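The letters A, B, C and D name the chains in turn, as written, and every chain counts its residues from 1.
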Amino acid sequence: MTKDFIHKVKIYYEDTDAAGVVYYANYLKFLERARSEIIYSLGLNNKKLLTDHNTLIIVKSCNIKYKKPAKFEDVLTINSRLKLISKVSFTMIQIIKRDSEIISDAEVVLVTVNNLGKPVRIPEVLLKSFKKII
Amino acid sequence: MTKDFIHKVKIYYEDTDAAGVVYYANYLKFLERARSEIIYSLGLNNKKLLTDHNTLIIVKSCNIKYKKPAKFEDVLTINSRLKLISKVSFTMIQIIKRDSEIISDAEVVLVTVNNLGKPVRIPEVLLKSFKKII
Amino acid sequence: MTKDFIHKVKIYYEDTDAAGVVYYANYLKFLERARSEIIYSLGLNNKKLLTDHNTLIIVKSCNIKYKKPAKFEDVLTINSRLKLISKVSFTMIQIIKRDSEIISDAEVVLVTVNNLGKPVRIPEVLLKSFKKII
Amino acid sequence: MTKDFIHKVKIYYEDTDAAGVVYYANYLKFLERARSEIIYSLGLNNKKLLTDHNTLIIVKSCNIKYKKPAKFEDVLTINSRLKLISKVSFTMIQIIKRDSEIISDAEVVLVTVNNLGKPVRIPEVLLKSFKKII
């Protein structure tokens, strides 16, 4: 059963640029915050994954589409959903909205590597959690 | 005749994260710097485009693939090439390298809008320059 | 009666650097988020100040001391207090803590300017709110 | 004999905010880039300092004054000068200008720590270089 994760972000000055809107790279920060919060909600954290499982989650690709600009002092909702999992990678769909309006949507592929950057299998503890929410 | 534009960036502390590598969103900053430098090399700038032509260039989509991590104090080269132009959008291929090694590559679609965010045709002055380098 | 405002921030990858700690410039982002939240808690916001009162709040100086490094996945508390107000400027003391440990403290002087950047008096609506919390 | 170090930065979209000017925290990035370039000009780098001398340079305090706003597409010059050195810390004066106009000036105190964050003496190789430029 697919589960959607919701994370909210507020737009501060730091997020905007001289065009008066959120700078396009900063949406990737929001996506990463939302993904980190999913990890926390599963009872895990990145530090524990590294210390106990010698595993880092890294982004392999990010395909983001910008639909509408977000603005200073907006409150955005990031809706994240696991789309695919294999033994070594997983794919997330992340949609950024302001109320019901889509600001941006992204497909992000993530892989797990060890502390030397070598690809490794997704740790069992993470894989098990993922299987419950896909 | 396709022309490649080269822009170099040095990796400072601000670009890296606690994983010891360049933070994934920051590559989009490098891509934008490289695109701005192309605009400058064509004798234009973003301020002039807005003031004289009521035009802003905005990113419509960015599909970026992360191949190898860049590290603190690396010097990276961004190789940018115009792939497609229409009357209202253009597509760039941007490849980030450390020496001959590909760090990341991206396909970025850009559109032109007016100061109200409404899509407009690419200004003639820009379109003419673009046609010389594709 | 002096009032302390509390704002919490969580440390994500974007906030850290290759030294494994929060990058020194990023604390200024947290301070600004905390100050924005104070403005909101007073029933105001930066957009309204600009639209209704032709006023922007800008930082005139920031004297920040770094006591201990904050780390990835820390939760920090920013304790902000108004120290001084005049007709054209105000001074805040902002202390960043992890539990009871001081990470950093800052004295920030802010002034109000109009949309052309010219110094103006603090709008009455803001001044009145400030007088209640100092 | 005091020596001034010059570093130039160009203002890209990433550096600005919705107020149309450079975001106040981002000046600290420019200051850090300028300081890194001084280290490089002395034939050293941060990686070597850590590997060969188990030393990291960290900021202890930063007192920055904002005089004029810098804007999108400005080119700024950072003029850095060593003011004081002791066995465990050094102080720099860093002035950011647009042409002859002062945008911002800062006094930054830096200390050296080992990989565990414990204060250590400035490595001899760095101290000797510093003594030549103060």
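Definition applied: a contact is a pair of C-beta atoms (placed from the backbone, for glycine too) under 8 Å apart; a residue touches a chain by one contact, two chains touch by 3 or more.
This one's a predicted model, so the numbers in the text were calculated from it and none came from an experiment.
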Chain pair with more C-beta contacts, A-D versus C-D: C-D
Chain whose average C-alpha position is farthest from chain C's own: B
Length of the line joining the C-alpha centres of chain A and chain C, rounded to whole Å: 28
Distance from chain D to chain A - Cα centre to Cα centre, in angstrom: 33
Chain C and chain D, separation of their C-alpha mean positions in angstrom: 23
Contacts with two or more other chains, residues of chain B listed in rising order: 13-14, 19, 25, 29, 32, 72
Chain C partner contacts - residues on chain B that touch it in the complex: 13-14, 16-21, 23, 25, 71-72
Footprint of chain D on chain C - complex, ascending: 19, 24-26, 28-29, 32, 56, 58-66, 69, 117
Chain C residues within the chain A interface of the complex: 12-14, 29, 32-33, 36, 45-47, 72-73
